[in-house]
Structures are given as structure tokens and as C-alpha cells.
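Input: a single structure, listed below in C-alpha cells.
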Amino acid sequence: MLNKNIVDYMGCDCTYEEADIVLYGAPFDSTTSFRPGTRFAGGAIRADSYGLETYSPYQDRSLEECRVFDMGDLELAIGSSEKVLDQIEETAGEIFRDGKLPFLIGGEHLVTLGSVRAAARKYPDLHILHFDAHTDLREDYLGVELSHACVLRRCWELLGDGRIHQFGIRSGERAEFGWAREGHTDLHPFTLEGLGETLEKLKGVPVYFTVDLDVMDPSVFPGTGTPEPGGVSYMELQRAVTEVCRKAEVIGCDVTELSPPFDPTGASTAAACKIIREMLIALGTK
Amino acid sequence: MLNKNIVDYMGCDCTYEEADIVLYGAPFDSTTSFRPGTRFAGGAIRADSYGLETYSPYQDRSLEECRVFDMGDLELAIGSSEKVLDQIEETAGEIFRDGKLPFLIGGEHLVTLGSVRAAARKYPDLHILHFDAHTDLREDYLGVELSHACVLRRCWELLGDGRIHQFGIRSGERAEFGWAREGHTDLHPFTLEGLGETLEKLKGVPVYFTVDLDVMDPSVFPGTGTPEPGGVSYMELQRAVTEVCRKAEVIGCDVTELSPPFDPTGASTAAACKIIREMLIALGTK
Amino acid sequence: MLNKNIVDYMGCDCTYEEADIVLYGAPFDSTTSFRPGTRFAGGAIRADSYGLETYSPYQDRSLEECRVFDMGDLELAIGSSEKVLDQIEETAGEIFRDGKLPFLIGGEHLVTLGSVRAAARKYPDLHILHFDAHTDLREDYLGVELSHACVLRRCWELLGDGRIHQFGIRSGERAEFGWAREGHTDLHPFTLEGLGETLEKLKGVPVYFTVDLDVMDPSVFPGTGTPEPGGVSYMELQRAVTEVCRKAEVIGCDVTELSPPFDPTGASTAAACKIIREMLIALGTK
Amino acid sequence: MLNKNIVDYMGCDCTYEEADIVLYGAPFDSTTSFRPGTRFAGGAIRADSYGLETYSPYQDRSLEECRVFDMGDLELAIGSSEKVLDQIEETAGEIFRDGKLPFLIGGEHLVTLGSVRAAARKYPDLHILHFDAHTDLREDYLGVELSHACVLRRCWELLGDGRIHQFGIRSGERAEFGWAREGHTDLHPFTLEGLGETLEKLKGVPVYFTVDLDVMDPSVFPGTGTPEPGGVSYMELQRAVTEVCRKAEVIGCDVTELSPPFDPTGASTAAACKIIREMLIALGTK
Amino acid sequence: MLNKNIVDYMGCDCTYEEADIVLYGAPFDSTTSFRPGTRFAGGAIRADSYGLETYSPYQDRSLEECRVFDMGDLELAIGSSEKVLDQIEETAGEIFRDGKLPFLIGGEHLVTLGSVRAAARKYPDLHILHFDAHTDLREDYLGVELSHACVLRRCWELLGDGRIHQFGIRSGERAEFGWAREGHTDLHPFTLEGLGETLEKLKGVPVYFTVDLDVMDPSVFPGTGTPEPGGVSYMELQRAVTEVCRKAEVIGCDVTELSPPFDPTGASTAAACKIIREMLIALGTK
Amino acid sequence: MLNKNIVDYMGCDCTYEEADIVLYGAPFDSTTSFRPGTRFAGGAIRADSYGLETYSPYQDRSLEECRVFDMGDLELAIGSSEKVLDQIEETAGEIFRDGKLPFLIGGEHLVTLGSVRAAARKYPDLHILHFDAHTDLREDYLGVELSHACVLRRCWELLGDGRIHQFGIRSGERAEFGWAREGHTDLHPFTLEGLGETLEKLKGVPVYFTVDLDVMDPSVFPGTGTPEPGGVSYMELQRAVTEVCRKAEVIGCDVTELSPPFDPTGASTAAACKIIREMLIALGTK
């Protein structure tokens, strides 16, 4: 008898019950202010993950050693940010309740808020590790508070000062940088330098890890809504995410802002796929 | 002394005070369910309008005989459909109050609702002439009521039965077609046939004319969010919009759903530009 | 508990046991002589089918009334045409044995041969209805006999004279046209004219229906390996496939030669999706 | 011993001495006012011609029966319109002197002027048959007289009133249409209607035939500098060029305005290739 | 009352009178020898500049502190290089006369000549700082002297030996490199090394700064007419232009050779936008 | 008299008899497992080579000093890997017999096997220097032994242990890395480090040099079938291939896996062109 067509991120085919990590996509980009399209990231990542191998020669470990379940993309209430965030929060909450690690694939960066809301309920002492080109700390954007440009500000409202550690930031309003430097967030501009020390400080603390892929330079990752020149290289990001996933107490994470319509060569999608593989292997073989 | 860089739809450079028609863009696509990108339509249409001439050999009239003011794209509250509709309604309302005809360039089809709200306040006996591939008559879409897939249903709630005249419709849920046939709307499936008779009936009645450009076949108009094969040809649409604009009491209108990211050749944008030119000339030289 | 990510052609989610029709993809394009890429058709068609509705206003029937199972794409032995044809033949054979109709999504046109081999074993009196721009009747192509350019010739070797009915053909070598006219095949050049009479003759006869989508004009279907100007319109093809599926004793069928890398606007994929929907509804609601 | 890599339009490999027709390209687009790129047409047409067959089932004749020599693209003085026109005129002149028919592949439409200058010297009673979307009759364009937008006006200066027969014209300034209607040219707007009668009148008269491919609708031919919706279909153009090449005394011809950078699907290039094939076969088998 | 649609480089909205710096575009690419399209750079840069912020965290300064007026693109005499250069020279001359700094956005690199002609009249002791992948020192190119490939040679004719300082050069004819090394120009191959020393030497000297963006590696800047692998990184260029604009007596400048048709991801346009922002801030806040 | 259109890699126009190096293309991609298209590499490289100069400022030598003959692309038996490899082997063998160096342009990496077969017959002590992102050491791929994923394994079967020196490898199955480390090949992961020592060891030994261009990072070389992030930069590769071609006894070589359909900007093709130029100059001026 012939089987149904199950599509997952390469090799992530264990059952939900067995899984340690649960991949799910949030195909949402309604607040994207410049170029939309991140809603297609989950599908593109699953399809193109088959251009990679399950084995990482960098870590000498394989996805096959990990227990990952990929539940596909959520069916979201396009057009209503609040409903969408509720759907994401509910899904992440269910995964947390079952003692598993939720691994969210965006969509635009606002989706992180749904996942962080669920995480903050379970882990009141949560810290956020944030890789991004942009501050995302605005109070509102054109009058809208639930916007990708405000997502870390909304997270700050949940967690308070000193809980958000930002790396690679190279774009924002002067006021956002100023606000961060008042002690609200721990902002490391331009590069990933200082990550090792931050990881030292975060030992034993639950960490939510959010990776806006536009932290990479547009040369290696052009396929995003707001390309910002001057970012880190692919290998810098790969090394950093591996280090975070190996050393920190990551209890949930996400990878956001791949926009396949702006990735005609597939190179950006390939970068996203490989970053996710290295993260999954690092998380799944600890 | 050197001048500021004013960008308008070709030839539409009269002052607001002198104008009979006011062009404005609503770069909104947050509820688009399939492929976003219509937010870029206004910019693309203005830029590519310079590939056309101001003179129409079809009507033997020229844009230069018309008094059109192009105020550019609104700056919208991306991510909040209600705020966006308010902004559109307010703009259209101001134009109506000044006795001019608002000509809206979408954006996705939901933007029509803002314009129709303003029109319905001024013209309680308003009828809507609707060219589209899709019914757009859903009660809600994935739980969201302010969606491009529901826009004509929302208009019906304002105007009631028998006020909406739909042409070219070739896609929708069975329930939508059924609901229309109960007399709620006057639905002409597949083609623009019957338009002449409808225009006869609408004589003397204020008409809002909304053109979803995907009424055209994807061969001539691929650059749209949801291409639906089997549509009308470019010349069928040009003849029909000219007829409507010449014969009906058009008090406001819009042209929606051009999505430049899916128009790599520019042919769809050219079609949008030329439809707009023919409409402007027909409206502006009556 | 959260579910696996099952991806199917829209609405085709019944179980294999219940199904009347089994969709399966053959992502093969190794013999493509001009521009490869048809291997991506199955994935693109499943993804973009969600831009359509399940309901057909043309037939006033819905996919939801049909029992279709979509098993996804086969995992093929890329690089070996003979192995690939064996895999397809085996799959089609299993579906035939279970009394169901195999509906194959190519890939390049050579995949038809695997399916026809299985069909010819079960139905010795099989006829083939063939819509295409190209004759596909070469004895060999650059020394290779298992080529998309030879596929109908290979089918003829299985079935003999008078069994193959070709429509829309507008490209081939002079020798191929000459060979066809010697009575080997029933070749209707340029258009779909004469289809009604052929369907009359085929009453009660088992028919395998193979649609090379490049029978459509490149204006509506540019996304194919060898675009050949001068083809039929989308609506001509839709009407014809509906007629065939309603009137003929179709025991198996395929739709081939969509090449997504050459479909930047998605219009070709949309045309393929809708043709498949109309065929499925016509076959599944008889 | 291994051979040099000779690249020609498919099948056009006879020697210059034997040839009746000489194909040559003029990769020039320096005066293009909207979107440049036609300089790449010759290369694209040669490369993609191998997606076609040498045999035309429409004419039941083959390129192999014709004696055509393809000398490739000229190496032009990019940036100097006058030098470029001299180079073209010289090449066409040499071909005329050798008693052969020059068949020029543009480039933008201005290249026609070089070829017509050579033709007019040899044939003082020359008429021009002109298929185009645009009038091309301006006195100057932004102060420049050697512009694609003025090319037929420049030809008129060589030939005088009544010698230029224009078909398919649907864009231009009001003044150009007016000037034409004063009797300067024989302008047939919008379609190819009236061609038969014109061919009757031109019996026995030397005709230069210039085809701006944008006479076709952008649905079938989007890949051009200035797409103008509302054109003729591919088959209408194919039938018309075949008729002209069979019935008129064509002494030289050109096909211009394919712009490969705006042809991501290759459909426009395929249309250009096939139009050229039908013209070559019609001219070469008379 | 509603306003006209003024489109400028982000934040550059002061009046001409108040301005210190005047941005203007020259949409010219008629002598481009390989792939045209730079004419679209000005429009693309203005549109995509809104993906950036006005604040530079690198310089801790904002565009809002600068007085920049953007007059848009000139309307040029396409097809006549001499007329185009005259138009540019006249514009730059007017800006110089009003005591402001002209900041030119190309177009191809030939446009620099118009601006340098105006500068050399006002500043006889002018030096040129030239960042580029290519020497641009040919005597002529295919017989044409006003060509992008000759532009620095033409500038040398105005200024004489030792006035032109070239960095990043990695492509040219052997003769060009040889000619430069005879002392005609100060050529630094491959990288931007040595810039600091050159800036030392240029203290107090009026400098025209011309940036051919193809000095960057095609990985970060593919969208240009002639991509030349092996260039500098984005951050190397950003640091260098900032240093130049802060330390040198820049009296005029340009940024050329962005070709949007070859920038499908927008990454090249983003790089151009950000380089311009850093230059404007460095120049405008001295 | 006018000449035939000979198309070659820039400047490679000497006769076969005079040549030291013979360029030829193998437009084959039938076993490509992910994204086909490398068949178009030869044509794209020839066309775009004219965007480069013949002179290398890095080596201070010019292609004009080299004797290279470009015979164009082979006409291959698409669909039959064995026949294709025979055709390549035969061509390479003829070139070897004539005492010249065959320089093969792929196509996918499998084409190397044909060339290596011919080389191994003439040079029994042959070593292979292999730059690649992928191991290419599988026993079979989905049951097929003649696959790009197996090509170095097939070469190993010809040559035995210790003869294959691999650099830059960053993707493969765990089993492939393990098999290599058993001493079958000399595998240098991730980078080109250690190349100098390997070249020392290979002094006096005949070397076949095979460059899979995907050894470069997708930022600089996205246009390939299976982009693998984390590769070497363009300049690292350029320096390494120059060193190999200058120091090793290269008796044959190839450059494979450029896929023009995934290179919309042309940057990947430019990188391939320049790598080939540097290799040709290094080989041709020793």
C-alpha cells in the first residue's frame, strides 16, 4: 500500500512522542514594512534541506542521532497579528508542556513574541539571546505596536531590564540605541564579539535564542525583507549558533526572516537550512 | 534654482485645487493569503507609466486634456487593517468633500473597503461595479473578517442586496456562488458579457467602480497575488473599462492587485498603466 | 498531540484504500534536451494548488466530492532512465491492480512510457490520447532511444498502428510528420479540432490520456522546457481535458512538462494546477 | 582534427558564396529610452533556435531547403549612433552588392535606418512595410534625431510620402498620428488588417520589411524594451510575415526589439526565433 | 489639502537654498559595453533608501543633521553622449556656483566626466580620487572616445599627470596599466591599501571623489554592468569612503554603476544606498 | 567576403594545430540530483568572457601570450551517462594523443570521469587534485553508480589509494568521510589549507586538476546545483588555482558545476570566467 506524502526538514521524521525538539513554521509577514515574503520560508527550507546532508563534518555528528519532529507550518489567521501570536503561543505552550524544545521557523521576526510569551510563562527567569542586524526596539512603528520593528521591545515588557542580549546590531533609530544603552538591553553592535563572555554569564539560566538571519551580510544572505550591508559571514554565524546551542541552556529558539521571493539563486535558503541543521545537531546531541 | 523631485503618474501634474480626479496609492497587502507584494504597485505604476504615451489613439484623446492630481502613496500603518482602512476612508472622504473623484491604486483588494465606506456615506444609493477573478464574498477567511477574500461581503453589509454587480468571476467557494445567486449580488461568471445591459440599468445611479486586475488572464497579467487562469484578454478589459467610465456615473474607482515582485518582465505593470490611462482619459474628458 | 506535515494537492486527503484516483509525481528530467527543471513540477503544483479553490464553477462540482489520494513524488534513480521507468511502471501497476486510476504528474514526457507500459499490460486494447506541441515520434534522439523526444514512438511499439491520437502538434521533424501520416498515428496538427469525433470513435475503449502542457501557447504557459509559440489557449485546453475526462474511458493519465525554474511569475504552475483540478473533478464525479 | 566553434541560427550553415540570404546581428541599444537590453538579442536567438526544428509544418518546408549564411553579430561602436549606422549600412551594402538579401537582427529599431539607407541607394523606388506597436515618427526625441523613436521619420526623409506602410500601430504622440494621416505614411492602427490589399498594391515593387516584434501583445512577447498591451497574437504575426515574405518583393528585412534581459522564461526569444524561421523559409523557398 | 508626491533619498528634504549638498541622478548608460541598466539606479536608490535608517551607528550621526537637497534624475538626451555630458556639466556648474557640493548618482561611469568638467573649471588644482575595479584609461573603445571605458583618460586630459589617484583597480588592458605606471596616474591595484597616505598628501587640495561601486566584490555587489570578481568587501568600502569624506577636501562626488536589472535580490541597491548614506553623513556633519 | 560566426572563450582563437591547450565543453547534467542547469555553462562562459580583459594584472601576463583553441561544446547523447562519458573520453584521448592539454568545461561533475579515464590510460601514475564542497565518494546514489555524487569514487577505482587529493570538502555522508580517512583519499576538509605541502609532494607527478566551482562560498558563487555555505572566497580560489597551474605537472583539467539558470546576476559566471582565465594564463605561459 502506498503512503501519504509527509514533508519534513530532512531527516526529522521521528514521532512527536519520541521527539526532544519540535520544529514548526509560522508563515506570517503581515507587519513587514519593506519587502514581504517570509511566509514562504518554512516551505522553502523543507524543500531545499534535501540539498544538504544529515551529517555535519563540523560537529562530526548527524541529524540522525537527534530526535526531531517537524510538524510543518501552522495555518495562521493572516491579517490579524494578535490572533497569529495567540496561535503561536498556544503551539509553543503545548510543546513546552510536553517537555520538548520548540524550534520555530519564521516568518517575520514578530512571530518570536508568541513563542517568548509561552517561554516566559514557564521560565520567569528567562533571558533572550538575540542575533540581528536591527535593534527591533521601537515603541511602535507607524502607530502599530505589534510590528517586527518592535518585537524585542515587546519582549522587554515581559522580561524587564538586562534580560535581552543583542549581537550583530547595525541598524536602528538613534533613540533605540540610546534606550538600549540606558541598561534596558545588553546591546553588542556590528559583530558577534563578546558572545563567549555573555555565554559565561548565562550559565544555568534558561535562554530563548532568536536568530534573525539578516544578521548575516547580504552577500551571503540577500533573501530577506530588509537587507542591511555590513553583517557577519556565514561561518561566523555558524560557529556562533553552534556555540550557543552547545553551551547555553536553550529552552526554545527560532530562526526568522528568510524571504524566498528575494532568493532567486537559493543561496539564502541554503544558508538558512544549514544554520538550522547545525543548531538542531548541537541541541539534539548534547 | 533647481526643483524638487515630484513623481507622478505620467502627465498628472495639475494642482490639487484644479483637479477633477485625485490619484492616490494604498500600499497595503497584509491580509494577502497567497503571495504578497501588491504594496509596491503604486511605485511601479508611476515609474513605468513613462513607457506609455499620454495620448490614446483608441479614444483619440490625451491625458493632457484631463485634470488629474497624483498625491502619491499614503503612508499606512502596516500590520493593522482597521487603521489602514481608516486612513483610506479619511483620504477618500476628503477628496469627496472637495468635489473630486478619488482614484485609488492598490494594494490588495481590501483597500477598496476604505474607499467604499467614504463613498457610501456621501452616496447612500451607491452601486458597485466589480471586475474580478474572485468572488471575494466570504464571511471570514481563517477567522479574519477584514481580508481581501471578504471585501465585497463587507461592502454588501454597507449597501445591501442588489447593489453589487460582479463580472469575470471564475473562482470562489461553492457557498459564495450560492450566496450571490440568492440575490445578494448580481454575479456574471467567467467573462464581461452582460456589461452593456448592466450599464443601461445603472443610468443615473452613482457607481463605484472597482477593478481587480486579476480579472485578466495570467497570460497578460501574471504579476498578481493569486493568478487564476481563464480570464479576459487585455483588449476586452480595456474596452470594458472605457465603456464603464464613459457611460456610468462613476463617482470613485480603484485598480488593485498588481504585484510587481511577480512581474519580472514588466508586462503586467504595463497593462495596469494602460488600463489606468484609458480610465483617466475616459473619466477626465467626459 | 501535534501532527505530521502531510503535503498534498489541495483537498486530496482521503486514504489510499478509499481512493478512486491516485496522484503521484515522477520528478525526472534527465533526457530533457533543451532546458531541464520539470523535476520540480510536483512540488510546485502541490504548493501552489492552495492558490486555487476546491470548487469548479465551470463544472459546478468540487474536489471535495472526489476520492483522490496524493502519494507525493517517487524517489527516483536520477541518471538511469531505465530504472526510472521501471519504478514508474511498478507504481502504476500497483495502482492498477488495486482498481484505481493512476494520475501521474511529470517530470518530462518520457515518464509517460512507464505508466503506459503498466496500462498496456492490463488493457491490451489501449488507445492513447495525446495533447502536445511536439510529435515525440523520433526513432532515437542523438543515439538515445529512451528520450522525451521519442516517447510516443516507444508507446507505438507497444500498441501498434492507429492507437495513438495526437492533437495540437506543431513541431517535429518532417520525417516524424511523414511517418505519422503513413497511418502509424492519428495526428491532428496545430489545434484541438476534431477531438469530438475522436472521442466518439473511442467510446467503450480504454484510453490513456497524456497531456504535455506545452500544447498551450507560451503566453499562458511559458514555464516549460521547450516553449513552442502558436499553441492553444488555456480555456481551449480546459474545455478539452474536461470533455475527455467526462466522455472517454480514461483508465490512466498524466500531466507533464511544467518546469518551475522557467516560471518566475507562477502563472504556468497556476495553469497546471487548474488543469489538474478540472481533470480530477471530471474523472472523480462521473 | 577538432573544429572551431561556429555558432549560427539553426541550420544556417551554408557558405557566404552559396547563400541567398545573409543573417547578421546589430547588438545596439544606446538610444533605447525606457529599458535597454536588445543588444543581447542576436546571441539569445542563435542559442535558443536549437529549441526549434528546421522543419515548418505550417509551410511544409524546411530551413534545410534554404541557402542562408549567418555571419553573427557585428562588433559595433557602442555609444556613437552615427558610427553604428555606418557600420550597418556598409554591411548591408556589401550584401546587396553581392546580390543577396540582408536579414538584420536588432538591436533596437534604430538599426533599421542603416539597412534602409543601403537599400534606398540600390532601390530608389523602395517601399517599407513596417509592423510595430509604435509610430516611430518623431522629429526628434529629447533633442536627439537618431533615436529608435524617430527611425521611420528618418526613413521617410530618404523615401518621401506614401512609401511607408505601417501596421499594428497602437502608441505614439497625437502629433505623430496626425502627421501620418496627412499622407506622409500609410498607417493602419491597432491590427494587421488591410495587409492583403497593401500587398496587392505593392506587387512588383521592391519592399524592405521591418518587424518590430513589440507589434505582438506583451502576453506572448513581454521581453522587449517598451511593452505595449493590446497587440496581435503570435499566430496573427506568423501568418502575416509568411504572407509578406511569400507575396512581396522583399529585398531586405529586419526583426528588432527582442530584449532578453526582460525574457526570464525564454518565451519571447522562442517567438522571435520562430518568426525568423518562418520568414527565412518563406523567403528562401520562393 | 493634499500634497504632491515628492520622492527623495530618505530624509533629504530640505530646500535647495538651505542645502549644503545637492543630490542629482544621471540616468545614462548608452556607452555601456557589456550589460546596460545603470540608468535605473537613481530611482532604485531613492525607493530602497527607505529600507535603511537615517541614523548611522557607525558614525553616531544622522542624515537628519545634514542639509541635503535631492533634485531627482535629470531628463537626459538619450543617445547623444556629448549632449548628456553638457547637461550634467551645466547642472554641476550651477550647484558649484551656488556654493554647494554636487553629489551625482550614475548612470554609467562616463557621467563623471560632465561633473569633473564643471569641477575643473572652478578648481584648477583639482585632484580625483577614484575607486573602481577597472582602469577606465583607454584612449578609445571601439573607436569611441566618450565611453565609460575611457572616462578617467578624458579626465586626465583635463587635469594632467599625477592628479588622479586610483584604488582597487583589478582589470584593464596591459597598456592601460603600463600607461598609468608611466606616472600619468597614481594607480593602487587590487585593494584600498595606501589610502591613508594618499589622504595625507591631499590635505588642503580640492578633491573630486568618484566611486564606481564595482570596486566591491560581486558577492556583495553583483548588480552592475561588468562584475569583476576579487573586489573589496562592503565594510572595507564603507570605512574608506567615510575616511575620504571626513578627511579630504571633497568638493564634489559621484557614485556610479549600480544596475538594478541585475540586482534581483536588492542587495546591491542596499549596498549603494548605505554607502551614499555614510558619505552624506560624513560630508554633511563635518 | 563576410565570415562565419566563431564563438570562443575570449582570445582563444589559435588553430588546433598550434594550440597547447584545448578548451571544450560537456553540456551534461542528467545525473544532477538537486537543481539541473550546468549544461548551459559552456555557452554562458563563452558569452560572458567578453566582460573580462585578456590581461591578468595578478600574473602580469595575458591570454594573448597563450596558445589556446576552443572547440566549443560537444553534442552529447543526453540521457545516457555511459555514452556521454565515452564521447568525453574519446575527445580527451584525441587531445592527449596530439600532445595537448585538454581543458574541460562542465556540465556536472560526472563529466570528469570521461576525462580522467583518458588521462589514466596515458598516465598510469596519475594523481588527481580535487577542489570541491562535496566528497563525491559514494558507492552509488539511489542505485546509480554513474552519478555526480560518485565521480571521485569511480576515479579511485581507476587509480587506487592515495592518488586523490581533496580540498575544501565540507559536505558528505559520514561514511564517505570515514572511507576517505581510511587512506583511500587524501581529504583536506573545509579550506584549501595544506595545498602547498601537497604540491611539494606532487612534484614531477602527472596531475589531473578538477575544480568543482562550488568549493567557493555561495556568496560569491550561488549559481550552482547544490550551494553549500561555508566555502572559500573568490581570491582564495584564484590564488590556489594559479599556484596549482604554475607548480604542478597539470596534464589535464576541468572546471565544473556552474549552473547559469541559478545565476541571475551573472556574478557566478563572471567568477567562473576569471578562474578559467587565470588557469589558462598560468598553464599557457609556463
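Each chain carries a letter (A, B, C, D, E and F) given by its place in the written order, and its residues are counted from 1.
Quick note on the criterion: a contact is a pair of C-beta atoms (placed from the backbone, for glycine too) under 8 Å apart; a residue touches a chain by one contact, two chains touch by 3 or more.
None of the values given here were measured: they were computed from a predicted structure.
Trainee: Listed by label, which chains are in contact with subunit B and with subunit C?
Mentor: Common contact partners of subunit B and subunit C, which must touch each of the two, are A, D.
Trainee: Treat touching chains as neighbours: how many steps, at the fewest, connect subunit C to subunit E?
Mentor: 2
Trainee: Report the chain pair from D-E, A-B or A-E that duplicates the B-C interface, where duplication means over half of the contact pairs agree by residue number.
Mentor: A-E
Trainee: Express in whole angstrom the distance between the two chain centres, defined as the mean CA positions of subunit B and subunit E.
Mentor: For subunit B versus subunit E, the centre distance works out to 41 Å.
Trainee: Among the residues of subunit C, pick out those that touch two or more other chains and give their numbers.
Mentor: 35, 217, 219-220, 264
Trainee: Draw the chains as dots and join the ones that touch; what shape do you get: line, ring, star, complete or other?
Mentor: Basically it's none of the tidy shapes, so other.
Trainee: Tell me, which pairs of chains are in touch?
Mentor: By the stated definition, chains touch in these pairs: A-B, A-C, A-E, A-F, B-C, B-D, B-E, C-D, C-F, D-E, D-F, E-F.
Trainee: Please output the residues of subunit E touching subunit F within their complex, sorted ascending.
Mentor: On the subunit E side, the touching residues are 34-35, 169-174, 177, 189-190, 217-220, 222-223, 226-230, 262-264, 268.
Trainee: Residue numbers of subunit B touching subunit E in their complex, please.
Mentor: 1-8, 16-17, 22, 24, 43, 46-47, 69-73, 91, 94-95
Trainee: Would you mind writing out the residues of subunit C in touch with subunit F in their complex?
Mentor: Listed in rising order, the residues of subunit C that touch subunit F are 29-33, 35-37, 39, 75-81, 83, 141-144, 146-147, 261.
Trainee: Which stretch or stretches of subunit C touch subunit B in the complex?
Mentor: Spelled out, the residues of subunit C in touch with subunit B are 50-53, 55, 57-58, 60, 62, 217, 219-220, 233-235, 238, 264-267, 270-271, 274.
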